[in-house]
Amino acid sequence: MALSGACRDLTILSVTEAGPEGGAHGCYYIELANPGLGSAVAGQFVMVRPACFGQDPVWPRPFSICRLTPEALTLFVQTCGRGTDVLCRLVPGDAVTVWGPLGQGFSLEPETPTLMLAGGVGLAPFVEYAATHPAPANLALVFGHRQPLSCYPFAEMANVVGRAEAFQENSPEDLPRFIELLEAKVAEYAGGLIVACGPRPFLMTVARLARRFGARAQVSLENRMACGVGGCLGCVEKNALGQYVQTCTQGPVFWVEELQLSEEA
Amino acid sequence: MSVDTSVRLPGMPVKNPVMTASGTFGYGLEFAPYGDLRALGGIVVKGLSLAPRLGNPMPRIAETPCGMLNAIGLQNCGVEKFLRDKLPRLPWRETPIIANLYACDADEFAELAGVLSAQEGVAALEVNISCPNVKAGGIAFGQDPAMAGKLAEAVKKRAGDKPVWVKLSPNVTDIVSIARAAVLGGADALTCINTLTGMSVDIRSRKPRLANVIGGLSGPAIKPVALRAVWQVCQAVSAPVIGVGGIASAEDVLEFILVGAHAVQIGTANFMRPDMAFRIAQRLPELMAELGINSLEEYRMSLLV
Amino acid sequence: MSVDTSVRLPGMPVKNPVMTASGTFGYGLEFAPYGDLRALGGIVVKGLSLAPRLGNPMPRIAETPCGMLNAIGLQNCGVEKFLRDKLPRLPWRETPIIANLYACDADEFAELAGVLSAQEGVAALEVNISCPNVKAGGIAFGQDPAMAGKLAEAVKKRAGDKPVWVKLSPNVTDIVSIARAAVLGGADALTCINTLTGMSVDIRSRKPRLANVIGGLSGPAIKPVALRAVWQVCQAVSAPVIGVGGIASAEDVLEFILVGAHAVQIGTANFMRPDMAFRIAQRLPELMAELGINSLEEYRMSLLV
Amino acid sequence: MALSGACRDLTILSVTEAGPEGGAHGCYYIELANPGLGSAVAGQFVMVRPACFGQDPVWPRPFSICRLTPEALTLFVQTCGRGTDVLCRLVPGDAVTVWGPLGQGFSLEPETPTLMLAGGVGLAPFVEYAATHPAPANLALVFGHRQPLSCYPFAEMANVVGRAEAFQENSPEDLPRFIELLEAKVAEYAGGLIVACGPRPFLMTVARLARRFGARAQVSLENRMACGVGGCLGCVEKNALGQYVQTCTQGPVFWVEELQLSEEA
C-alpha cells in the first residue's frame, strides 16, 4: 500500500474529448496538475471529488490511474452518469480533491510474457502498466471496444507494447467471436501472466477461461464504492473462503482464484 | 480568542465534540493516513458482535439524493479479533474509543458488554438497538420502549464502570418514549440517530439496488430529521445526547450543539472525503471564534424558542 | 411504439399517473401559465378546511440538503371560497381534481367530506391525517391505527360516491398497520407519504429557521423513505397506492410504479421549476417506449425480489 | 401580471465582476442571452435555476430584473450563499432556466417627483426603473452601501436621474446618520412617490418614516421563496388585515400601508 497520507486539492489542467470530431462518444482525458501523489502501481486508483459536487452526490468517484507523473495525473473517463458528466464538463482551473493511490495494483513481472485484456474504459490502467513496464515488448494487448477505436488510448499503447489487437463489438452477435478470441489468447498465455480490466461480464469470462486453462490471471473489479479507503464495507466481493473482502483495499486487482466471482456486485 | 471545545460526557474527558460514527470509519485505522486520530473527540468503531459476522450479500450500498442507503448487515471481525488486532493499534489513551455493540438478544448484548467493559482501551459502550439491516431482532429493540429499557438495563449491569450509550432509531412514532425508557433502564447517554429505513430500485433491471431490498438512509439528506430528534430528546431527558445524522461541516456540528447535543458523530460525510472528521475538528474552534462562542457548554441548548 | 400510460384508480379514469401533491401546486391555477393542466393525471389541491385558516407565522420554509422544510400550517381560503372561486376555473372535466381535506376532529372531517362530495367537479377526497404542522390533533390521527380507521370510516360515510384516499404519515413505527386500518375503515386508496418531521436552525441568530420550530421535510432527500413506505404498503394491502415523496423525474415515477404504486404525485419538485409536473407527464411515455414498457399496469409491482 | 407562459432555457452571455480590481466584493452582473420574456415592470423579478443546481439546492433563486431588453436579461447579483456563489461562477454558454417576469413591480408616475431609496443590492430594480421611466429627471436616488461604490451600477444611474446621492456605511456608527439622511429625504418627498428596495431593516425604516410623514411609499420585499409563482405559501407577509399574502404574486412590491411589517420574514 502506498497511501499518500492526505487528500490533495488539485486543479484541472485540461479536459479533452477523445475520438472522432463531432461524435458524442463520452470518452475524455482529464489531466490534474502537480498531483503530488508519489508513485503508483498500475491498477491502483484514486478517489476524485470535484468541488462542485457539493453535498450531492455524496460519494466521490473512483478512477484508475491512467498515467501518473510528477507533473500530471491523467484519468481516462467515460461518462455514464451524473458524476462522470460533471467531471467531464470541468474546465482548466477547476478544483478537484483527490486521494490515492489506493488499493492493490497489477503484478508486474518484467520477464513473463504478459497478456493485457481490456474492455472499453478498462484500458485505462494498462496505459500506466505499459508505461512503467521495464520490458514492454513482453506485453500483448487484446482490447474489446464499442466506440470508435480513436476514442481510446489504443494507438499510443500499440506503439509501445509487443503486440496489440483491437476487436470492435458492433452488435450482440459479435460477442461469441470476441469470446473465441479471448479463449485463444488465454490458452496462449496460460504459462504467462494475464491481467484484465473491464466490465464485470468480461471479467467473469476471463476468470472462467483462466480457470479452464490453468492460467495465472488477475482481474480488476469496479464495484460500487462509497469511501474507497476500507471504511464502509460497501464494496466487498466474496473471496474463495466465502468471506467478504473490500475491493478498495484488498483489490481492486485480485488473482482470479482468490475470488468467487458472481453476477452481482 | 481561544475557545473551549471540551465537553463533559459521563466518565470520559472529551477534548472536542467531534467523534466518528459507527460503521463509517472502519476500525479507525483505515483513516489514520488522512489525519491524526488523536485530534478527534472520539472514535466509535464498526458494530461488533460476539462472533464474526459475514454481513449481507452484494450490492450493499446505493447512492440517493444527498445521501446513501446501506445494508452492510453488521459485517464485522468479531469482538475477539477486534480486541487482539485493532484496539491495541488505536490511540486509546489520547482519544476515547467507543465500542458499538450489536447482538441478537439481551443475553448476547450483556455478554458482549461483559467482554468489552473489561478493556482498558474501551472508553464507553454504544448499544446499537436500531440497526434495520438485521432481520433477527434488529430493529424491534429500538422500536419498543419496554424492550429498549430492558436492554439498557442488561448492558448496564455488565458494563462495570464503562458508560453505556444507547443508540436510538428514528423509525418510530415517538422517539422520546424510547429515549426515556433507555435512560430509566440505565443508559448514561443517548446517541441520536441511526439510519432511516429506505429503499432504491433500478427501473431498467427491475431490481432493488440493495440485495437486502431495504436499507438505512444516511447523509446530509437526513440532517433535519436528526436535528429534530436530538432537540426533542434533549427537551425530554437530562442524559447527554450525542447527535448524529448528516453532519458534514463545523456549522452542522454547532447546529446539533445548539439544539442540545453534548457531542456529535460524523458518519457518511467521512465517505465524502476521508479527512472530513479531521477537518471538522480543526475548523470548529476557528468557527467558534468567528461567532464569538467561548465554550460549547455555554452555547449548548441556547436555541431561542 | 405507442404506450399506455393510463391507470385504474377507484371511480376515476386516469389518463396518466402524474398528479400533483397537495400544498405544492396551489389551487392548480397558479401553474396554468407553465403547462396545460389537462395534461396532468390529476391535481390535488392545497389542503382545505371548513373555515379559512390563517396558517403559521413566518418564516415558514427552509431549504435543506436536497429538500426543504415547511410549516405552512394549512393556510387556506376555506372550502366555500374554493368551491366558488377556484374549482369552476379548473379543467375538472378533463383532469380529476382531488380535494385534500384537513380538519381538527372526525366530525369536522365528515362535515367537510359532506360538502365536497356533493360537487361534480371533485373527483376524490384525499384525507390528510398526517399533517405535522398543526398542533391541535394534526398528527395524532395519522399515528394511531384505531384513529386512522375511525377517521376513514367517518369520511367514507359522508363521501357519497366519491373515492376516499387516506394520506399516510411516515412518522410512525409501522406504516403498514395504519394503512391496514385505513383500508378497513373504508379508504378506497392510500396516498404515501406526507412529510417527515424535521428541523433546521441558524447557528448565528440561534433561532430555528421555522417560526414553528418543527416542520415537514420533503423533496428528493426523502425519496428512499417514500419508496420504502409505498413498497411495504403495497405488499400488505390491495387498495391502490398513490406514491409521493421526492419525485422529480419520469424515472422516479417508474420507480414508484415498479414497487407497486398506481399513480404518483409531484410535490416539492414543482418548486424546482413550475413546469416540472408537465414535463414529467410528457416525458413518461417517451421513457416507457425507451425501456420497452407497453403499459403501466403491466410494469406495476414487477420488482424482482 | 405579465407571465410569459413558460420556463425558458437560457444561456449565459457573460458574468462580470463589478468593483475595484482584485477586491472580493462579490458583486456581479450576469447577462442571459435572448431572454424572450416579453416586457417587464421594474420591480418584477425572475426565478433562476442554473442547470448545475441538479437536485441540490432544490429551490431556484429569485432576482430582480436589473435590465431587460430583447437581447439580454441582466441581473445584478451579490453572492451571499451557495446558490449565488454557483451562479456567479457560471461561464458563457452555461445553461440557466428562467421564468418570469413575476410579481408586481413598482408604480411609475412620470410626472410625480419620485424618490428611489436603495440599500446595497436593492439598487438592482432601479436600473430598470430609471431606464424605463419616461422622465428620469423627476427621479432622485439615495443609495446606501457597504462595498465600494464602483461595485454597484450607481454611476450609470447618476448619469440618468435628476439627483443621486450615495452614502457608504463603513461602521455601525454611520447608521444613525444614514437614517437622518433618509428622514430628510422622505420628508422632502412626502408629497411625491417613494419606492424602496433593500434589506428588511432598511425597508422597515422607510416604512416607519413614510407613515410618519404621510408619504406614499412602496417597498420591495425579499422574503424566502420556494416557488415564486404562488404555489407554496412560503413567502407570505402579513397584510394590514392580518392575513398572509404571497409576496411572490401580490408583491414583492407593496404600498407600505398594505402591510404590517415585522422583524421576521
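A, B, C and D label the chains in the order they appear, each numbered from 1.
Assume contacts are C-beta pairs under 8 Å (C-beta built on N, C-alpha and C of every residue); 3 or more make two chains touch, one makes a residue touch a chain.
Only a predicted model underlies this, so the values are computations on that prediction, with no experimental measurement involved.
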Labels of chains that are neighbours to chain B and to chain D: A, C
Where chain A and chain C overlap in contact partners, by chain label: B, D
Reference chain B; chain at largest CA-centroid distance: D
Chain centre separation in whole Å, for chain B relative to chain A (CA means): 35
Chain A and chain D, separation of their C-alpha mean positions in angstrom: 52
Whole-Å gap between the CA centroids of chain B and chain C: 34
Numbers and ranges of chain A residues touching at least 2 other chains: 55-56
Touching two or more other chains - residue numbers and ranges from chain B: 65-67, 219-220
Chain contact topology (line, ring, star, complete or other): complete
Chain D-touching residues of chain A, taken from the complex the two chains share: 52, 54-56, 82, 86, 91
Chain B residues within the chain D interface of the complex: 65-66
Chain D contact footprint on chain C (complex, rising order): 23-26, 30-31, 33-34, 46, 54-55, 57-63, 65-68, 70, 72, 75, 211, 219-220, 248, 268-275
Complex contact set, residues of chain A against chain C: 55-56
Complex contact set, residues of chain A against chain B: 3-7, 49, 55-60, 97, 99, 223-224, 226-238, 242-244, 249, 264-265
